[in-house]
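Naming follows writing order (A, B, C, D, E and F), and every chain is counted from residue 1.
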Amino acid sequence: MELVIAITLGVLTSTGVYLILRARTFSVVLGLTLLSHGVNLFLFSMGRLTTASPAVIGLVEDYTDPLPQALVLTAIVISFSMTAFVVVLALKAAVELRSDHVDGEDPNEDRQ
Amino acid sequence: MNGSEMPLLLELVIIFFLVAGAIVALIGSIGLARLKDVYMRLHGPTKASTLGVGCILVASLLYFSFLKGGLSVQEALVTLFLFVTAPVSAHMMAKAALHRKLKCSPRTRTGPPDQ
Amino acid sequence: MDIGLLVFLPVVGATASLLSRLKQPGPDHVQNHALVALIAPAICLLLLLSYLPRIQSGEALVYSLSWVPGIGLDLAFRLDGLSWLFATLITGIGCLIIVYARYYFAGKDTAGRFFVLIQLFMTAMLGIVLSENLLFMLVFWELTSLVSFLLIGFTCSSRDARRGARMSLVITGGGGLALLGGILLLGQIVGSYQISDVLAATDTIVSDDRYPLTLSLILLGAFTKSAQAPFHLWLPHAMAAPTPVSAYLHSATMVKAGLFLMARLHPAMGDTELWFSLITITGMITLMVGAFVAMFMHDIKGLLAYSTISHLGLITLLIGMGSEMAMAAALFHLTTHALFKAPLFMMAGIVDQATGSRDMRNINGLWRTMPALMLITVIPAAAMAGLPLMSGYLSKKMLFSESLLVTAPHWANTLIPVWVTIAGLFSVAYSVRIFHNVFFNGKPVDLPHWPPRKKPVGMLVPLFILAAASLLVGLAPQATYNSLIHLAVMATSMTQLPLYDFSALSNARVPAMMSMIAMIGGIVFYLARGPLFAIHRQLPEVDAKNIFEQIMQQCIRFAQSLVYRLENGSLQRYLAFILVAAIAPALWLLGGYSGWQGPSELTEVNPIVVFGAVILCLSAIGVALFHHQRLPALLLLSVTGLFVTLAFAQFSAPDLALTQLSVEVMAVVIMMLALSFLPQTSPRESGAWRVVRDLTLAGLAGMGIALFAYAVLTRPAETISGYFLANSVSGGGGTNVVNVILVDFRGFDTLGEITVLGIAAVAVFAFTRDLHLKERVASAGTAKGFAEPHPVILQMVSRMALPIALLVSAYIFLRGHNMPGGGFIAGLVTAVALTLQYMAGGLLWAQERMLTHFRPLIGAGLLIATITGLGSWLVGYPFLTSAFSHMHWPLIGEFELATALLFDLGVYTTVVGATLLILANLGKLMTVAGPGQEVG
Amino acid sequence: MNHLMIMPIVIPLLTGAFLLVMYRYNIGRQRSLGIGSCLLLVMFGIWAVVQAGVTDYTLYHLGNWQPPFGIVLVLDRLSATMLLLTALLSLFCVLYASRGSDREGSHFHALMQFQLMGINGAFLTGDLFNLFVFFEVLLIASYALLLHGGGRARSRAGLHYVIINLAGSALFLLALGILYGLTGTLNMADLARVIADAPEADLPLLKAASLLLMVVFGIKAALLPLLFWLPRAYSAASAPVAALFAIMTKVGFYAMVRVFLVVFGLDEGAPANETALAWLWPTALITLALGGIGVLGAASLRTLTAYLVIVSVGILLATLSRNDEQLLAASLFYLLHSTIMTAVFFLLADLIGRYRDQGYDRFSVISPLSHRWVLGSIFLVAGVSMASLPPFSGFVSKAWILQSSSRLPDYLWLWAAILVSGLLIIAALSRAGSGWFWRPQERTHKSEPGLDRGRTATVCVMLAISFALAVFAQPVMDYLEAAARLVYQPSGYVDAVLGDYVHQGGEGIE
Amino acid sequence: MIATVIPFVIGVFCIAVLLNLYRLAIGPDIVDRILALDTLMINSIALIVLADIQMSLGILFEAALLIALMGFVGTVAMTKYLLRGDVIE
Amino acid sequence: MNRREFWLPRPLFSLFLALLWLLMVNSFSVAHILLGLALGVFIPFITRSFWPEQARVRYLLPLLRYFLILMIDIVRSNLIVARRILWYPDQLTPGFVTFPLELEDDFAITILASTISLTPGTVTAHYDSDAGTLLIHALHVTDEDELVRQIKAQYERPLKEIFQ
């Protein structure tokens, strides 16, 4: 099981990293989202993964580690804020710079 | 799981809903996969899946009502919600398909009116 | 303290000058300004003279006040023979320069500035020579560079002046930095920066490993300031400064600072092979270069500048020889040089102002029109040439005789005498030339002002005084030496010395012969100048300033190209750098690591989880593969998000599942909103190499994560979480431990987290406020047909869903403390329900129906959370301490009241406000007929 | 428990939130609230400095939970110094901005307050995850402030800045995950304790986490090769924002000090920070060199200042990597100097740019300049201070750094880099200054605008602080030496923070 | 007995999910994909509920509700986008 | 608008919400009854402006009966469609049908459209408010007029009664 989880985390991260290295803001946003999925799951799994043991007192006998969950929750919210922000910023930049290239200029058009 | 103390009849009913739900939902998804044009495919999931999941929810409702004592209507709420929203989703998707002038399958009797 | 007064008096004077200038601006009050400016230097001079008796008694006055003891920087002053000699020269010549400047700047607006700066400079110079603490001295050292920079650039409209100023600042400033290094090292070696301590630690210094470096750095400072080759280049270009400045800074005083430093440190650092060779060789080269170039200069000031360089080289050479007598000769010549070079510069200034030119090829035969000037100039010119009876004659003879005394190293004992004789020859030649060319040599050619303008007689007074002093020294060398210079020489060797015997000098035959050779040779050389100049013209012309400027330009261009090549504005590259920086060190560190597999046993494979994992991976890979098709990629991303949610649900994290899900949908909606203005596809523009590189980076990053995850997951967990589980109910009043952590144990994190969300929303509001997507207007229509803006059926259902959704969020909100849920998720549910209204009914429609604006909602949420936290102060507990109690009310029964709920209300409010603010403003961007300017 | 300790975080939070509630406040009220808050922060900064001088560690248990379970704030001399510096800097920035730049976009003052909250939180917190949260607060606020006023350059630079920092945040979380996974705790003191006792097999993993953290903080601090976002971002920002950003790179430095010297530095025998510090040394030196080269090649004063920031980062990190108490004290002094001076230069670039007819602060443009003498004098003084010439704070700090480093191996590299970069700064500033203030100017249009006294005075006061820092250097140095001494006693930190928890062998108290 | 049936039911839903993904992958039109995603969401509600029954926890109801709500909103947003080029107008 | 209409715009709906609340929290304690009622009053109050303008349900019981029939229809027709999808998907003859509306109330039309969509075999693809027609896509249709007649009889008429 550990191996499956590790590989999944690796794939999520890899795809995220590959996409943030693309040249268009939209791909980068996609990549950041995937990356944050990978990272959040990674942080989450650092509390070790258990099934059927939510940290709700009285519901079950064994509880999973609640702390990473709280951390990931914070991380999710923060990465949501950041994603929202960066999406709007990308839009603004694309409008103002007339290109959605991450550097604000289309390498195929502008540069002679 | 303390389902062992459950009355057999209830258990059978629950199982019926579970299996029925699974089959209906599967049929919906098969329809999605197999049918010829987008308008036809709309029929499968928007209703069959809704109904299938509805069955599962009813099973859950029964199960937890027994498990916790008292009526667990939360599942009913989800079902209700699904049944209210599914037609709207279908409606919107059909609109989108019409707007994009997607082709109908050749067996279609009457095509969409031009707008 | 009154020694310190000496240093700071000119500052007071400078301030007074500044005030007088402000009070009487304009060109008509130069006389008054000069008078004001004269006061402080004059007092200084008088004070110095009053010290003379005590100095002559061999006393070294030291005054010290602690300033920054941590780095050994003290406000410490020292007045001994050496500093007295220099200080007197500085103040004495300074006074004369001010008198001269009163005429030089007559009728000019810039006079006031000059008087301010010249006094500041005097402070700096006095500071250098009077400092007891070497670090303290450095303060003034840099100040001289700076004031010199300002004075060279005095006539800032001239491009040459600016370039010259910059060049001098860079060279002397750079030298100052080297000196800083050297002095710091010296201080480290000695353990103190006090000169007394340094001078007492000769053996420690010389035997230290760091001695060569220390000496080199200090000498670098001294050489740059004293214009030693190859750093001499700045000095000729400093001649762009007004002539009083040239006379004062660039001949008489500042350039001597390096010599002063060498003399000062000689007892501590001299007397070594290294000292000898570094200084002597530098001095020799400078001496020759200066003398040679001076001969061919046509600019009077240029000639004088190179002659100054040559003389500075000469003095350096003497200091390098290191013997007491050589030092005596050095200081003697240093004094005489100041006395004859300053008046020559003043002469140059007068000629320049009178004729409008400084070119000796044009300026001829001035003796007719300026006889008095000619007469006065005879003396310094003769002194410079080293004619008998003149002060320069004696010092040159001293040099010759000392050069003969050099015995070791063996190359020196013949080379130096020959070398100095040749240099002497050149100096005779240029001295004759400056005098003859200016005042005789036929008729003037094309001068701007002819006949020359009359200059007031008063302008000649300082020249006269200096010339007289120079003459006096030449006539009574022994007395001058005994009373003024001998003390300085003793200070440079820290021993009692016999007096220099000038009578022995006059009897020495070889030096006299060398002197004769130089003199005759020089005159012959001058006579033969025509052909020599012709030859010189054949030589390639080099302008140091241009070279310097070119070097600077090249450096800048190099810097620019390097910076441009690295910082090329490519985000992709920067991100790749970051990834490499994250991966490479880890790879290097963990390359051979074998502990990935921890001690815990592997758990059984769950097929459902594998199924989910496979779909998660496939959808993520799908996003990467199809990212060019943006909308499909977004759909695949939703699948990824959905399965992340399912993973949270599967692994006992219901709160996370709820949060992830709501956030995911909001994020996708936001991306869709943005996508409607972005291109629908991404072009394929990465080359194959780029793709391979990125895949490698991505693969390595993913592999790293996988390995780390595997390593941790296979290790037993030992965490602090037991405490949370144990105290959640008793201490936090809730059974949902995750929620209790969020609102209580780590409520501070949550406060920060909602602040982030709030700021993000406000930021979106702020920077989209004035953004207009004009191009949309064309494509927007009120198309009916299938694509009507607000489908009735959607609208109906959405509106009905709103109250139910609000009820659900109330439910999720209230139960959050004990079961999965909480303010954040409730807030998102509310926000989603309201977003649906925007989508179904339109921005305008929904906005009209919102009860409040969103920004105050965000603010209110933050305030609620913060004030709840502050509430605990009232009962004496720290910020964010929670309180809860189970209440029993009649009829109602038992229920729980917790401050955590109030805190969560803050969270809820912020989330609703922030999410809607973002969405509404994004929506506004897309809306052709949006409501006014502000939404939210 | 002293509640004043939370004020540096709560005051700006309340002010910012209140400004949002009162979103219709006119600019005048916004300004007075913003300035008032900054004044309060200065007062609390002074209180913090005094308090930390009296008590080595002042703790604040948020929520009244015992560390390591709850989040704890730790006030020591180092954090107090940073708080006061931030407060002063922000006061000047807000004052400067209140002369008009705050009108260029919406909610400047609220965002500024949130920014301060984030920075102060990062300085105070004793919890690594909480540090992450405050990093995000300060980052999101800085994104917003960077974009304040709008325009193409800001959008482009902002996009890069944001995306790079998002990648950095992901790395931060990864490192936190590894640390939590291996140690099971988040409190810095507790982490230090556990890491010092970590099993041999885990050590490489922990070190790898420290390297990841180095990258994270390196992005914030602008360490090579993570710094390329900085020049454009800083030179695109509006002047008061860029000036405030002068402290941002220092947050990265501060985090490195805390994390590498305390969290990874407790075990005296084989500290886990060795690897990170070993990597830091050469990269910091190259950063410093690149900064110097950039200073020389800069095309505008703001870009030049941005590279000055990089130079200062290089010096700070190079000194940090030498792992020496005395040197750390010296570099803290340099931190004060460089923060103030880079801020001065960002403001000055704006001030001058406003009075130039064209070209704003670009060197290549020759343009008439009003108030040449006043601005020139200020520029001269500022340049002298920036070039670390006496008698300003830079001289003292550089002398101290050079002195303290000379006891350590390989000091000559540092010396060479510092001295040569100093020379490059002199060359660049003299070029800039002589070009602007000495070039002949012909003013074509009628009247020149009056000199803005508020803006000018702000800059002058900041310069006066630089001067005062030199004149009264000794007490400051004593304070910083004590601060550095505390940093180099991580066990004292751990004992102070964890208290009884340590003695009970890390068992939870109920 | 329920315990033995549940894995089978889950398996059926997994097949359904695979069919949805198949449609999501092949399209051909974006509307098909949206439809597939919508169905996938609905099926995952079932998966969640089934997991809840399997673990007999009864705490995943909100997740089911939220998927229903969010799936709907997501679908509306996407179709709105296809219809109008705008989500909010 | 009188005071009751202002403060309590929809008493029936408020009660419904209160009931829903009690079912959701699964507790009938006094505290929750009070809370449910409070929410039942509060939520309609703050969302009143979002509420559909005209819709007024005249008869509650027929509406409930309508939904019951609908439930059965859904199950029944689901089976039919399942058979078609599974066994002879290639022989389906889909088609679009235009349904002329008699209903005028938007809310009622929405219910009708949803009903049509929920009963398998038909999906409401578009509502043309100008023409007063619904465009229906049927999965398998042999006689369009028959389909229209069926829907009118089965659903539109009851709805008309309920809402008018």
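Simple rule for what comes next: a contact is a pair of C-beta atoms (placed from the backbone, for glycine too) under 8 Å apart; a residue touches a chain by one contact, two chains touch by 3 or more.
Just so you know, these numbers come straight off a predicted model, no measurement behind them.
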{"item": "Starting at subunit B, fewest touch steps before arriving at subunit D", "value": "2"}
{"item": "Closest chain to the centre of mass proxy, which here is the mean CA position", "value": "D"}
{"item": "Distance between the centres, which are taken as Cα means, of subunit C and subunit B, whole angstrom", "value": "70"}
{"item": "Centre-of-Cα separation between subunit C and subunit A, whole angstrom", "value": "40"}
{"item": "Centre-of-Cα separation between subunit B and subunit A, whole angstrom", "value": "31"}
{"item": "Chain centre separation in whole Å, for subunit D relative to subunit C (CA means)", "value": "17"}
{"item": "Sites on subunit C at which at least two other chains make contact", "value": "569, 571, 575, 579, 650, 654, 673, 675, 705, 708, 712-713, 717, 719-721, 724, 745-746, 749, 752-753, 756, 759-760, 763, 767, 771, 784, 786-787, 791, 793-794, 797, 800, 804, 808, 819-820, 922"}
{"item": "Touching two or more other chains - residues of subunit E", "value": "17, 30, 34, 36, 59, 65, 69, 76, 80, 83"}
{"item": "Subunit B: positions in contact with at least two other chains", "value": "30, 42, 44, 46, 50, 68, 72, 74, 77, 81, 84-88, 91-92, 95-99"}
{"item": "Chain contact topology (line, ring, star, complete or other)", "value": "other"}
{"item": "Those chain pairs that satisfy the touch definition", "value": "A-C, A-D, A-E, B-C, B-E, B-F, C-D, C-E, C-F"}
{"item": "Interfacial residue positions of subunit C with respect to subunit F in the complex", "value": "784, 786, 791-793, 795-797, 799-800, 802-804, 806-808, 810-811, 815, 837, 846, 848-849, 851, 891-893, 895"}
{"item": "Residue ranges of subunit F touching subunit C (in the complex, touch as defined)", "value": "13, 17, 20-21, 24-25, 29-31, 34, 39, 43-44, 46-47, 49-52, 55, 106-107, 109-110, 113-114, 124, 126-127, 129-130"}
{"item": "Residue numbers on subunit B that touch subunit F, as the complex places them", "value": "24, 27, 30-31, 34-37, 39-40, 42-44, 46-48, 50-51, 68, 70-74, 76-77, 83-84, 86-88, 90-91, 94-95, 97-98, 104-105, 107-113"}
{"item": "Footprint of subunit C on subunit A - complex, ascending", "value": "1-30, 33-34, 37-38, 40-42, 44-59, 63-67, 69-74, 76-78, 80-85, 87-92, 94-96, 100, 102-103, 107-108"}
{"item": "Subunit A-facing residues of subunit D, complex", "value": "129, 133, 136, 140, 143, 147, 151-152, 155-156, 158-160, 162-163, 166-167, 169-170, 173-174, 176-178, 180-181, 186"}
